[in-house]
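Have a look at these structures, which come just after this line.
The same subunit A turns up in both complexes below, where it pairs with subunit B and then with subunit C.
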Partner chain A sequence: MSLIERWMSRFSLEQLKMTLWRTAYGNKDTFLSRLDPRVLLIWYVFFTVSPWFFYDRTVLVALFAVSLTLALTSRVSGLILFLMGVSTFMNLVYIGVLALFLGGSGDAFLALITLTLKLLIMGLASVAVFTSIDPEKLSDALLALRLPAPFSFGISYGYRMIPILVEQYQDVFASYRMRGCPPARKGILSWRIGYYFCKICVLAFYPTLLNTAKRVRTTVEALEMRGFTYTLVSGDARRLKLSRMSIRPIDGIFCGLSILYVAAAVWAGHQLAL
Partner chain B sequence: MSDIRLSPGSVNPQAAVEILGATFRYPGADRASLDGMDFRVERGGFTAVIGSNGSGKSSLCKALTGLIPHYYSGDLEGSVKVAGVETQSSSVSQLAYRIGYVCQDFENQLVRPTVWEETIFAPMNFGHADYEERATRILERLGIFHLKDRFIWQLSGGQKHITAIAAALSLEPDIIIVDEPAAELDPFHAESIYALLKQLNEREGKTIIVIEHHTEWVAKYCRDVVLLSGGKTVWHKPVAEALSNVEELQAHQIYPPQVTQIAHSLDVGRLEERYPITLEEGITYLRNVGVRAPTNNAEMPASPASEGEVLMRYDNVGYVYPTLDKKGHCVFDKLSLSIRAGDRVAIVGGNGAGKTTLLRMMTGLVKPQQGELSLAGKPLRKMSPEQTAGQVSYVYQKPENMFICDNIRDDIAYFQKARRTDIAEKLTEQLMSRLHLNELKDRDGRLLSGGQQRRASLAIGLSMRPKLLLLDEPTASLDVVSRKETIGMLEKIGDTIEAVVVATHDMQLVAEWANRVLVMHHGKLVADVSPSELFSNEAGWSSWGLMAPQVVELSLGLGWKQAALSPERFLEQARSNRTEIAEVNQVVSY
Partner chain C sequence: MKQTHNIMVFVLSMAVFGLSDLVTELIPDVSIGPVEIGIPYFGFVGLILVMLFNPLYAALGASFGELVFGDLLMGDFGGIGEIDGFLVLFIGLWIAGLLVKNPSNRKMIAIAGMIGIGLDQFMSGALDVMKVGFGVADLEAVEGLPESIVILELIENGVEWLVAGILFGIIPAIYMVPRMYGKIEPLMGIRPREPRDVTIGGAVGRLALVAVIVLAFAAVFAYMSEVMDGTGEWAPDFVDQFGQSFIWIGIGIAAVVALIVILLSRRNKPTGGTSISRHV
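Up next, the complex of A and B:
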């Protein structure tokens, strides 16, 4: 077997599916998941926007430390951290090359690193928050923040559909493999095999979507019978969902500490700069 | 014969459902799906609706839930009343309080991630502040409260079905329609669903309407039967009388229970008006007419130790399926078996027993985590699905997954064309005419009926000219005629095929077709026997959660040592006895 074939056989959609599920539903007892989802969402917006107002690297490093800690304590899946790690590393390499190529000094490198740092803060915070908040809470929080009901339902239904879609895709993909024929000549670095796999990866989407569309017909009927359209107009479900959410002291403490921490970081940054 | 149907115009406040002269045509359809249908079910009734494909069963369901005419626009004529309310002047959401509907592909009806969310969904949408109490009550009544925090995808088929029923009951409707409860479930789970419906009917007075192909369930649980044909009601009769109309039912492509078929065949002079419909009745009836065990019934044919060449060998194979909690679920462990040329193997076992994994492993799609697998002596571990394809072909349970082209013809030709063989055209033509697909060849597989899809998927499997053909639940979700057709096709398929392996819940298929049965139970291969050995060992099959075909239980109930596996076999063995009796009777009557 060639390298690509070996890689293809080891990479399993099954594992990917499990990772997605764990990320979505698997973390019910982390610190962030104890917070009210609305507060968490607002905090998240603040935390991803604020880095863009600071140019002081001390502040940014402090923010980075927080998001890294939260990401590590939220039991983010290894796959996602790995992908992030790889992309950051590639980013650094590219920045280094760019800085050298432009004949710049360390300054150019440092300036570009600041950007990477900001992106990393955003990325880690996103991963931490969305691993901790399950799709149900997310959808309720968005509903509470006055986003349209079909949108928030779409999020929770989307998550419900992911395993079904992946399974469907897997089956169709296997159909292509069981009836297809990989090229006899592998080409340099087995590029022909790679091309063969890429091609069926794309082709398998079409039957998957058609099959899913057919199944969804029943779903739409069920939604109709169970008052989904009714509640879009009456808003009853929104009212009931809001009444089961509550902001507790822990939410206040968390927000307060976050603000104090940022303030302290800004102050420390000034001290160091002076 | 008494006919329950009332004349048009009579009004009865006791009716749960009353349809008079309903006519409906889907927009753009050639013919009406409801064509002057009359239908009536009393409050507290347990009614079965039967009829061949296209008889208007699913349109009836949609009319009762109000989806026709509120969601599917079109002209509905006549009157459809549910619990006294005219559906036309009501709405789908108002009707949801009166009637709950569980459809055949119930998995797609579940829209929320957990059992609890699913059950509170409707009460919450309709603004009931006590949604939590409602859901708790229903889950407790249905006995699944302990599952409330489970994710839908963690549930077994039977549990999903009960969840769908719970969701349908969450608004406390008095009427429940269940479309083919037994279609997607193994017999053991189907039995539990029926037991639940019976309980709802008897204890809580709910009106139950089921659409059902399997008349054995109808006989056991329902009180009356409505036969539909071409969008019309043919008749509505009490169950015993309904199922005794053997010839009329068969003309509508419905097969009565095996005991009824047997009694009907024995009654050569057509003297009886009513035949036994349940197992107990059948045993009494056949005892009374003097059917005894055949004299040579004691010996058991030894299990056919096939001498053919070994096609597939499992050697201590183990497989663990990844789960959400990272512990993993052991599908099977240290499994060893071999499949030889000439075998017709049926793999049986409950939902989740690992049957599908076992089959897929033979194609190279799933690699064993322990042990070795070999295909015709070569290790399978190193072979890709593309490499095994010429020797092994796998036909999915859901035929849709095999339709990767725009039409059936291209799908059948795909394998040979990909390999640029010169037989592609000829083989495709040949398969299409053999499996009666010529008229369908330009259609997309997804748009065919269940039976047609199954034929097409079989043709795709055969187009690979395999030595070993693997079929996953080839008869699931098929009506009885398509089922018979599929079994008939299995009898005579493929000149290249040396062995066929089928994973199935369908014990009639096992009894009538297989020559070897592998029983999977809790990740172990607990039996490797012939069908007659399996079904004669009642202690065995019942402890493995299997259910035998009715004719097997009938012959065992009559005290036969070796069970008859099909009504035909039963009649062959019993007939000699019966003719003697018939002759004696004649003599006496002279």
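Up next, the complex of A and C:
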């Protein structure tokens, strides 16, 4: 079996749909999901911006430890962690080798480790936060933080609708395959089969676009029937929608501990240089 | 009704572009050395949407869909790091949409598509290079590193432009846009685009140019201020000559340019400007 055929058989739209369902409906009882989504988002912004201002490796290692712990406790899928590790490693190796090749020295690695640490801290924190935050809560939090309403609506719409859209696309794709005829000869590295699949992938978007246009019109008209645009301008509707969010002591404790931890890391960084 | 149409365009573009992003995740990447050859995204989906509907909302929706479906739903959301990708894709698609006056003109579609995706790739490459400069304190101290990063980014974004912009960009778009033109808009109760809806001449050209200039200014000054404040190891000569006030001059220029943009877009609004989604 050639490479392309093997890939085609391993990754199916069915599997993709399962991943989507898992993200949308799983992982609801982790530590981070107990926090208020608004507090979590603000904390996250600070946590991912702050690494850029530290050039001290001790502080970065400390921050890295926190984000790794959070990622492990919030049940991030192993595949994503693995992919992250591999890509980080590969990046490091490639850039290092290329720098050496172009006449650099071993310093390149030290400089790059700092950057890689920063990127890893941000990546891990992002994965941890966004897998433990419920999509409904996320969209409410964004609304509470005054993001334009179409964005927050888009997130909840996406989480509910995309599995249906994937299914629709799958049907269109299957019908193209049934009516079409696969190439008789495979060609070198079965490029003909690859080309055939890519062509169907592209063509299947034609009916999908038309179908989705109709579907979207129905959705938006139904929304307007229930006063969607009005709720955006009316304060009462907004307050009612957001009333279930509340900031509890655990949020305060979490933020306080984070600040203390970073301060301790900075102090430690001055004491011993890594 | 206009507001409703804009929401419709936004949601449609978000859903379909997000879906296409999921599909590209299924198609494997082939990596040759450090350069990954794969399909970054299906450029044609975004191009079709911005060329047929209101470019602003279609581009916003497409880049947001990429963010939500491609990353958030699949569980690998990069957070803050995704925002620059969002902006860059948005600007690229928006400009591509603004450039197309008549969606049945294939030549126009091809040129606009190449420019739009090219802008996207160019800006994302430039941002990547700057991010490395920002993150590594003593980048200049390491010989050969800046050059190697620039070369890598050039190769990678060039390849991505070929794949997302040409193969899966304008080639399908040239086929689909004229066919869909006048078919998909009535499904949503929107009048198909007419040449007068989009003024390709001065207004758009200026807007695009000025947006790029502002971005470049902002990026350069962000980078310079970081280099000078952060480490103090490397400072360009002109800082010694002009002192710190030089930075403020730069910020001032950027602000003036931004002001001009705002004024220009204000002035263009009453004449119809770029709005295309009116009720039939």
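The rule is simple: the second predicted complex is superposed on the first by the 266 of 274 C-alpha atoms of A that agree within 3 Å, B and C clash if a C-alpha of one lies under 4 Å from a C-alpha of the other, contacts with A are read in each partner's own complex, and residues count from 1 in each chain.
The definition used in the following text is that contacts are C-beta pairs under 8 Å (C-beta built on N, C-alpha and C of every residue); 3 or more make two chains touch, one makes a residue touch a chain.
Keep in mind it's a predicted model, so treat the numbers as computed, not measured.
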So, after the overlay on subunit A, do subunit B and subunit C clash or fit? They fit
So, does A:A184 touch the first partner subunit B, the second partner subunit C, both, or neither? neither
Subunit B versus subunit C as contact partner of A:V202, first or second or both or neither:
second
Subunit A contact check, subunit B vs subunit C, more residues touched by chain C
Message = Contacts for A:L240 in the overlay, against subunit B (first) and subunit C (second): which applies, first, second, both or neither?
response = first
Inquiry  = If we overlay the two complexes on their shared chain A, which of subunit B and subunit C does A:T229 touch? Say first, second, both or neither.
reply    = both
For A:T218, select first, second, both or neither according to whether it touches subunit B, subunit C, the two together, or no partner.
-> first
Q. Which of the two partners, first being subunit B and second being subunit C, lies in contact with A:I155: first, second, both, or neither?
A. second
Practice item. Determine, under the contact definition given at the top, whether A:L210 touches first (subunit B), second (subunit C), both, or neither. Key: both
Overlaying both structures gives a minimum C-alpha distance between subunit B and subunit C, in Å, of 7
Going through subunit A, the residues touched by subunit B and also by subunit C turn out to be 157, 159, 210, 214, 216-217, 219, 221, 223-224, 228-229
Per the touch rule, the subunit C residues reaching subunit A in their complex are 3-4, 7-8, 10-12, 14-16, 18-20, 22-23, 25-28, 33-34, 42, 44-45, 48, 61, 64-65, 68-69, 72-81, 132, 134-139, 141-145, 147-149, 151-152, 168, 172, 176, 179-180, 183-184, 187-189, 230-231
In their shared complex, subunit C is touched by residues of subunit A numbered 4, 7, 11-13, 16, 19-20, 23-24, 44-45, 48-49, 52, 55, 76-77, 80, 83-84, 90-91, 94-95, 98-105, 107-108, 111-112, 114-115, 118-119, 122-123, 125-127, 129-131, 150-151, 153-155, 157-159, 161-162, 165-166, 169, 198, 201-202, 205-206, 208-210, 212-214, 216-217, 219-221, 223-224, 228-229
In the complex, subunit A touches subunit B at residues 1, 5, 9, 14-15, 18, 21-22, 25-26, 135-136, 156-157, 159-160, 163, 168, 171-172, 174-182, 203-204, 207, 210-211, 214-219, 221-231, 234, 236-237, 239-241
Per the touch rule above, subunit B residues touching subunit A in the complex are 62, 65, 67, 71, 92-93, 95-96, 101, 103, 105, 108-113, 117, 121-122, 124-127, 129, 131, 151-153, 167, 322-324, 363, 365, 367, 382, 384-386, 389, 393-394, 396, 398, 400-404, 414-415, 418-419, 444, 446, 460, 464
